[in-house]
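Structures for review follow.
Two complexes are shown next, each including chain A; its partner changes from chain B in the first to chain C in the second.
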Partner chain A sequence: MDKLRQKTKELLSNNEVQIVVGYEEGTAGKARPAFISSPDQADTLIYDDRCIHNLAVYLTQHKLPGNTKIAVVASFPVMKSIITLASEKQLDENFIRVIGISKDNNIIEFKDFADIERYINQQDLTFTPEEQALIEKIDAMSMEERWAYWQNEFSRCFKCYACRSACPMCYCTLCITDFNQPQWVSVPSHKQGNFEWHINRAMHLAGRCIGCDECSRACPLDLPINLLTKKLSMDIQKQFGYSAGQSLTEPYALSTYKPDDKETFIR
Partner chain B sequence: MATENYKLLKKESLPALFDKLTASGKTIYAPVKKGDKTEFDVVTKYSNDINDEYIQTVQSLKETVFPKVEKLFDYKSDKTDTSIQEVDFSKFPQNVLWGLHPCDAAAFRPLDATFRWDYDDKYFLTRIKLTTVVGLSCSKHDDYCFCSSVDISPASGDGSDILLTKNKAGDYLVEIITEKGQEVYDMAKELFGEISDDKESYITDVPKKFELSELNKNLDGSFEAPYWLAQSMRCIGCGACAYVCPTCTCFDLQDEGSANKGSRIKCWDSCGFGHFTLHTSGHNPRETQSQRWRQRILHKFSYMPDRIKVFGCVGCGRCSRACPVDMNLSEHLTKIMEVPKHE
Partner chain C sequence: MNEFEPKVVAFVCNWCTYAGADLTGTSRIKYAPNVKIIRFPCTGRIDFMLILKAFAKGADGIIISGCHPNDCHYTSGNFHAKRRWMVFRTMLDFLGVDVNRITFSWVSAAEGARWAEIVNSTVDAIKKLGPYDNYRNMVNQETEVNNG
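Coming up: the complex of A and B.
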């Protein structure tokens, strides 16, 4: 923690960045995102197991003036989000410094995004047994059971869009659900509207989700919607050998055509 | 603290009371344990899963009077004529809202004032007329509760038709507050006894964090205050706070179907969304999240008391518990109080 605060003071004092996005003590024992703009605020920064928000979401929100340089405290999911966002040309490397945090809570200095990419690829990138078990549980259901399961879960949704707001990959300035000429997605949170939203969300994140689970954590109703995007990530890895958050240059699987595609119908 | 006379409802009488309510055609909503949480749900019978010691549910019972999706009417049109088919108001349910806390009961006041402000919303007014509120005083609170700061007590009967307070024997001290409450009592008189007790001794003490009238004065002239931006930096702009709020009333109107046949639907919306105030021209008067955060606070604590003489917050703390990034309302309000006015 001392090193993190020290690094923050250094970056701000040298005017290398104007804002450091990290975590601070919140209310009722929670940690929460914090925006540090002067060295004397740096001592409010914390980092521990409660610091779970994916801070990459703030890198595309454009809340800061255009020329502001930002440093972001980056746990592993944040690093993967940054690589995905950079591969989708959403981040300008000249304006972002990444203060990496290793799994044992040490600071990692990154020279550039390529450095983050190298670090990520040195880590264990397989789905955890817990993640696999969650998906296997859904996979083991019959089609009817699965339909009933998701109908029940989706029926509770009231469309607060916390899942969308908390997701770093949901950065569209005009989300398909807010588009109303024409109205592609039904607005009310009735059965049809909720299915349309959640299927759209899952498909737009298919293979782009880095698996931070922020969507379901943000959901006030605890809908397990992270399972949808996780399942799609697994499928896309299996079908196309593509995993989000691991490469700055490999094009996204579902927007790429390869002449040597193994499927004959597309050739 | 004083001993007073109350009606007594023993715990063992609850199944008979619930059976009577159900038999008389009432739909009962009660706080039901679900895993480690408690949420309101429809029940037809009393069961041990009904929790009278919960602190707060994630969702309020606002949905029973202002549904998240409500059909207003069906329409049909051909080349010469358009017809409207009204919904059948006689089919609206007679709800008994059981065991909601005084904050939630008080929340019906701002809802009512809003839905009859410049227009009588027949849908809300019909629903609220058919609703009986059985409040439950609070024996516990958590760090998010701040009812006492918005001038509501954890033992207040305001907004309830009947108020229950659980005593140490696990029975309820009963206060009949309105005629609707009297109707429920009259329906099941034999289940109630009499008791002298001191209800205040069973009530939790929710610490007061700020003076509401002072806050209201402090917000006057705060439109350009720098704290709106500082407070809203971490806000991610979702609608979780508004959708769990028992007093938020923003809605959207949607026509579903085709030009010739369909339904007009009222559904929840939130002033926290970026597109909420987007004009057709492309201009957005609340372009940034800080403007939208300011709107949320000023609407509840300045505009509503000024215009409809009721504050838009009951201190239930739901918004702050539900916020994915810990935008804690009472913390922010307390901070606003610390800033000298017109700084």
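Coming up: the complex of A and C.
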């Protein structure tokens, strides 16, 4: 933690960056994102197990005034998000400094994005045991039961779009749900609208989801919506060998193809 | 009691299946009249939302068809579409949507008889499955005006 504060002070006082995004003490014993813009604020920064927000979401918001350089405290999922965003040409390497945090809470210095790519390359997306159990439970259900299960889950959704706001990969300035000519997703949070919204979200994140689970943490109703995107990402990993957040150059699985992709259902 | 006549929507590509369906007609091959054919520039254009919208508007079954692999007018539209369907089908299955109601097929412009066979077998299968009440009820339960 001291090293992190030290580094922040250093970056800010040398004017290498103008803002450092990290975590600070929040209310009710929780950590919250902090935006540090002067060296004397740096002592509010913390880093511990409670710091789970995916800060990569703040890097693509287009809210920074031009030429502002930003440094971000990056845990492992944040690094993966940064690689995915960079591979989609959403981040400018010259304006972003990444202060990596290793598993044993040490600071890692990265020269550039390629450095991060090398660092994270070994690690695969995994389900937690609870998620795995839930997936297996849903897979074992009959079609009718699955339908009932998800209808019940989705019926609680009131479309606050917190899942969208929290997700670093949901960076479109005009989301398909905001279109009204034609209207793809009905606005009120009734069953059809909810269903369509969650399918849209999952499909647009299919294979791009790096599995940080920020969506379900952000969800005020604790819907297990991270399962949808994560499951699709893992399926894509299995079928097409593409895994999000691992490579800066590999094309996204659904924007490319192999002539010998194997399927079993096309007649 | 009248027999249940399913509504089947076919999303087809302009270059192969639409021409193939045309050939079915000019060859005077009879096939089930339940199908409503919608022409698209390419299978790559068939967005997954269109499938959901078709179900929401009362379709009981859906056919999606285009050029055989390597025959796409735009070289790779059907390959891209294939990947998307693979992912989308997994998604629908996981959410409990009846994926047996969606027929994916490749039908070339020379396969008029095959098109008739695909439509007939799909309509037969949907007749056995019955109306798609699950999805329709989800839509109809809404009190709000469903715009569209």
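Here, the second predicted complex is superposed on the first by the 243 of 267 C-alpha atoms of A that agree within 3 Å, B and C clash if a C-alpha of one lies under 4 Å from a C-alpha of the other, contacts with A are read in each partner's own complex, and residues count from 1 in each chain.
One rule holds in what follows: contacts are C-beta pairs under 8 Å (C-beta built on N, C-alpha and C of every residue); 3 or more make two chains touch, one makes a residue touch a chain.
Remember, predicted model here, so these are calculated numbers, not experimental data.
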Partner chain(s) touched by A:L232 [first = chain B, second = chain C, both, neither]: second
Which of chain B and chain C A:L221 touches, first, second, both or neither: first
Partner chain(s) touched by A:D261 [first = chain B, second = chain C, both, neither]: second
Chain B versus chain C as contact partner of A:E144, first or second or both or neither: second
Chain B versus chain C as contact partner of A:G26, first or second or both or neither: first
First (chain B), second (chain C), both or neither touched by A:S186: both
Chain B or chain C, by number of chain A residues touched: C
First, second, both or neither for A:C160, with chain B first and chain C second: first
Which of chain B and chain C A:F240 touches, first, second, both or neither: second
Contacts of A:R97 with chain B and chain C, given as first, second, both or neither: neither
Doubly contacted residues of chain A, that is, touched by chain B and again by chain C: 183, 186, 188, 190
Touch list for chain A against partner chain C, complex: 138-139, 141, 143-151, 176, 182-184, 186, 188, 190-192, 195-196, 199-200, 202-203, 206-207, 228, 231-232, 235-236, 239-240, 253-259, 261, 263, 265-267
Residues on chain B engaged by chain A in the complex (per definition of touch): 58-59, 68-69, 142-144, 233-234, 236-240, 242-244, 252, 254, 256, 265, 267-268, 270, 273, 275, 288-289, 320, 322, 324-326, 328, 331
Residues of chain C that touch chain A when the two form their complex: 48-49, 52-53, 56, 69-70, 76, 79-80, 82-91, 93-99, 103-106, 118, 134, 138-139, 141-144, 146-148
Touch list for chain A against partner chain B, complex: 26-28, 30-35, 53, 57-58, 61, 63, 158-162, 164-166, 178, 183, 186-190, 193, 214, 217-218, 220-221
